[in-house]
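What follows is a group of structures, each given as structure tokens.
Two complexes follow with chain A in common, the first pairing it with chain B and the second with chain C.
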Partner chain A sequence: MSSETPEEIIETLYGFLERFPKAAGNLGPDTKLADDLSLDSVNLMELLVEIEDHYDIGLPLNMMADITTIRELAVRISQLVEDKA
Partner chain B sequence: MSITERFAEMAQVRDGLRSLAADPSRIVMERFLSPTEAVIGNRPTILVGTNNYLGLTFDPEIIEAACRAMHEEGSGTTGSRMANGSFSSHAALEEEFARFYGVPSAMLFSTGYQTNLGLLMALLRPGDKVVLDSHSHACIYDGCRISGADFFAFKHNDPEDLRKRLRRLGGAAEGALVIAEGLYSMWGDTAPLADLCAVAKEFGAWFMVDEAHSFGVYGETGRGLCEEEGILDQVDFITGTFSKSLASLGGFCVSRHPELQLLRYGSRPYIFTASSSPASIAAAHAALKAVRGRPELKAQLWANARRLHAGLEGLGYRLASGPSPVIAVQVPSHDEAARMWNALLDQGVYVNLVVPPAAPEGASLLRCSLSAGHTFEQIDRILAAFETVRAGAATAVAQ
Partner chain C sequence: MQATGSSHDLALRKADFSTLCEALDYAAQGETGVNFYNARGEIYSSTTYTGLRAESMALARRLMGLGIERGGRVALVAETSPHFVRFFWACQYAGLVPVPLPATIQIGGHAAYVAQLAQLIRNCGASAAMATPEWVDFLHEAVADIDLTCVGTPETFDALPEATGDLPGVSPDSTAYLQYTSGSTRFPRGVVIDQKTVLANIRDMATNGLKMRDGDRFGSWLPFYHDMGLVAFIIMPMATQRSVDFLGTHDFAMRPRKWLEMMSANRATITSAPPFAYELAVMRVRPHDAEGLDLSALRVACVGAEMISPEPLERFAEVLAPAGFRKTAFLPCYGMAECSLGISFLPLDEEVRIDYIDSEDMQHDGIARPVDPSAAGAERRVARYVDCGMLLPTFQIEIRDETGQPLPERHAGVIHLRGPSVMSEYFQDPEMTREALSADGWLNTGDIGYLAGGRLFLTGRKKDMIIIHGRNIWPQDLEHLAKSQPGVSYNDVAAFSVPSEDGRHEEAVIVVQCRERDEVKRARLVKTITGLVRSEFGIDCRVELVPTRTLPRTSSGKLARARARLDHIARRQAAASVPVQPATAQPETVDEAPIRYIA
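For the complex of A and B:
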């Protein structure tokens, strides 16, 4: 997992996000998690828990205040994976 | 973004509820007939959504104590305890809580929400680590968020998942704060507190429990689920509210650490808020005596809870958890939940309609909260209403 680039992480995130109703045909690096996919606070928390387990990292919930798009989330995950290594 | 857009967001929430024909502003209790019955929309309605667990809101001794305090100490405190002074009744109630729990420290706050906010804002700073149950109440999330600490969720009621997340914190797990609740207010399930506490201690973390819905309801003497699980001497901070079993308004925190008292100098929601009114303090104090001295209330509450739980199960409803003072009926869709909620009101039964994100994990719930003040006859009328509502449903929610 640690070798994934942000672009590869974006692809992985699409897999986590595709179950949400507004995801179909709406997933791109600049897709906004809250505004475009209508993810509420509970959806976001569940998503983070899944991502944490997938990459074996800790993603603080407060971090989401600074993250709007799928790309921004992927970059943050990449940093945390790198820090862990 | 602008304030105009904020208004639009809130209007969208309101319109969403109205589209379900389930605007909570419809619920106005015009006149009370008893602790468990009020007139709503000109109709006598059984209240099964009030958190009045011990049914004490109309207890004559409690009302008398509140009235006496109002006559002797006035209608309000007009300021905060740090800026404008404490009343002796504040200190007396804190001493009573400390005695009840056998701890050196107790502090009062003006509401239950502010209790958790006040504790977390005082204890945490940016960079600190918190691991909390994913079903935690909004005030716990808000306290963590405002503090600037890094907070992580563990899977609801899952000690192994807590262990995994603490392990990921590495050295920072030591000194982290783990937070759980006793009875979860939406699903009505209880936490495996002894197991969670053991995991927290294994990593050298602090352990905090919110007993807002479990105080007065669990434990041999009513001190909550920590008492029932035998971990009172291990939990670092226990919080609770006056607005449920204690039939008043306010909140408390107790701790085995005498340093809790230092929060008076560092908790902004304590320092910068008016203290609880004399009537609220007196009512809570009198209700606390009832918790200690009238165990029959708890027994009646549990008898009512078991009767409603068994009855709903017998009707084929899917319930979120085992018997407890909170019984949540799971409904497949928001629309169906709203239809049933309205139909129950038409039958003279008020329950809580809970839709996401207030209800965890995408569920829609019809939440019933029992009271020691309910009679078996009322429980049976509630069950009859649920039976009628189900019979009228196009899509039954039977298991």
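For the complex of A and C:
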């Protein structure tokens, strides 16, 4: 799992996100997690758990404060995976 | 690392102390203490009260050296961490007032969070502010334009020189802490709780509500900036010399099972959570998981802080029965920061009990007429309210009508309380204080309920307050966000909550009067407002655009929020072929079982 590019991570995130009601036909790199997908705090937690488990990383508590899009999330994940390696 | 034990030779004293310092001085003679667990469920910090007292006194000397006047406020970003606990007790020894600040941010919510911190720090007039490294950048941003004596991480404070001389300490009348109740970003209200006040409440809860005993052990993931997290899990275990285990709120939210595992491993006897947390936990527990857990020691699982609906509790009890969980451990309770914490508790070992009453009588006359749910005709609607138990003995209660007259049994009215656990004031807000607290000490809770057979039933909570996932949200805050949009004027907005379609939760609604005809612009307005609400509060909300002059007003021109809510429900019912949940008489429905038709 160590060397996914941000583009590949974006694809992986689509997989995690597609079960949320507003995701169908609505997933792109610039899709906004909150505004476009209406993720609430419970959905968000489910997503973070999947990310942590999949990449075997710990996500900092405040990470989401400055993240709005799927691409931004992917870039951050890729940094965390790199930091770990 | 090993957690502190549950038992020791020190005699159990149920908070019969005159100050919190005296309570910690006593607890420090035993072997119990405070333990923290990480996201993987591993213990990462364990401190006995002996150690905690020594650390707190050392830190108190460093705080003393800052020269802050007695009673000065110290703002603490209340992440679940050992530092918060140490700073909280250090403030007591230093004669300073700790002020827990929220530690929670929504997606993309950086700016909103910083603004909230700044607002609270200004409101309490803090002299110093602390945040752990994960949060300190937000804190520094928040205080950029505020003059404080010291701002930083625990390390910053630990590098200060220790002052010499006696620690100032506190008296029974000193303020113990300031508690911001609503998390309201624009209308913060700091509840002022004195030493003797919080100790009176804990004494009452420990003696009469929880009937505490040797070997009791607390376990919690509740945030430290929440009254239940602070009073029931930081102060109460200390004031009764019991060990407590903490899991971070965020870690609980990600992996609710860790809460159960922690309580299982340490044989916790007392926990507490809003109903949704039990629901969340049971959603993530597969039936066979229960076999690996041992919750047989858990004798008290308090349920409070939001609408209680019995089904999730029943499911939790069913799924976790193989782990030894008993459904009689559930303890519905009623409380609020203005009363320190606890007000009423179901008696121990009783099953959660529902009062079935005639919904129409309740709506029209506010009378809770009991009905037999199995015999109810198809014509009559039945409302269900959860028994919130008996008042703690130090409280006096009156249920009053709109004119202030006391009402008899089974008549719903505004709950008024008096007793030694009631706050002294809202911090530096004489107007709000006068509104809530009479000269002879009666607190107007704003909550609606009735008494029956010595039991309290809540039918509606906190005038206009929206409570979602246990969080209090003021409609004014939601309205403010909507009003910030171009073309939306001051009078165009009403926010409230309604039962969700499955009837098990509350959902927020903002009705906006809108002159715009262009569908694209209308859709954009809806999206912008829902986005703002989400980034500030992390909740979904429904935005309804209506023509001008739709929102009802009182004779004095004020927004009639309760009527706006009923109108909204009527519009939805008219629009949908599927009926939405019927409206209740009260605009707010917390601690109230959702109303259902019973055939």
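Assume the second predicted complex is superposed on the first by the 84 of 85 C-alpha atoms of A that agree within 3 Å, B and C clash if a C-alpha of one lies under 4 Å from a C-alpha of the other, contacts with A are read in each partner's own complex, and residues count from 1 in each chain.
In this text, contacts are C-beta pairs under 8 Å (C-beta built on N, C-alpha and C of every residue); 3 or more make two chains touch, one makes a residue touch a chain.
This structure is a prediction, so every number in the text was calculated from the model and none was measured.
Once the complexes are laid over each other on chain A, chain B and chain C cannot both fit and instead clash. Judged by the touch definition given at the top, the superposed model places A:D66 against chain C, while chain B stays out of reach. When the shared chain is aligned, chain C comes close enough to touch A:A34, but chain B does not. In the superposition on chain A, contact of A:V49 is made with both chain B and chain C.
In the superposed model, A:I57 lies in contact with chain B only, and not with chain C.
Of 40-48, 112-120 or 544-552, the chain C stretch that intrudes into chain B once chain A is superposed is 40-48 (criterion: clashing C-alpha atoms).
Residues 40-42, 45, 48-49, 52, 58, 60-62, 65 of chain A lie in contact with chain B in one complex and with chain C in the other. Against chain A, the residues of chain C that register as touching in their complex are 39, 79, 105-110, 113, 134-135, 138, 248, 250, 253-255, 280, 469, 527, 530-531, 534-535, 538-540. Across the complex, chain A is touched by residues 134, 141, 144-145, 148-153, 155, 164-165, 168-169, 356-357, 360-362 of chain B.
Looking at the complex, you find that chain A touches chain B at residues 40-43, 45-46, 48-49, 52-53, 56-63, 65. Contact residues on chain A toward chain C in their complex (touch as defined above): 32-35, 38-42, 44-45, 48-49, 52, 58, 60-62, 64-68.
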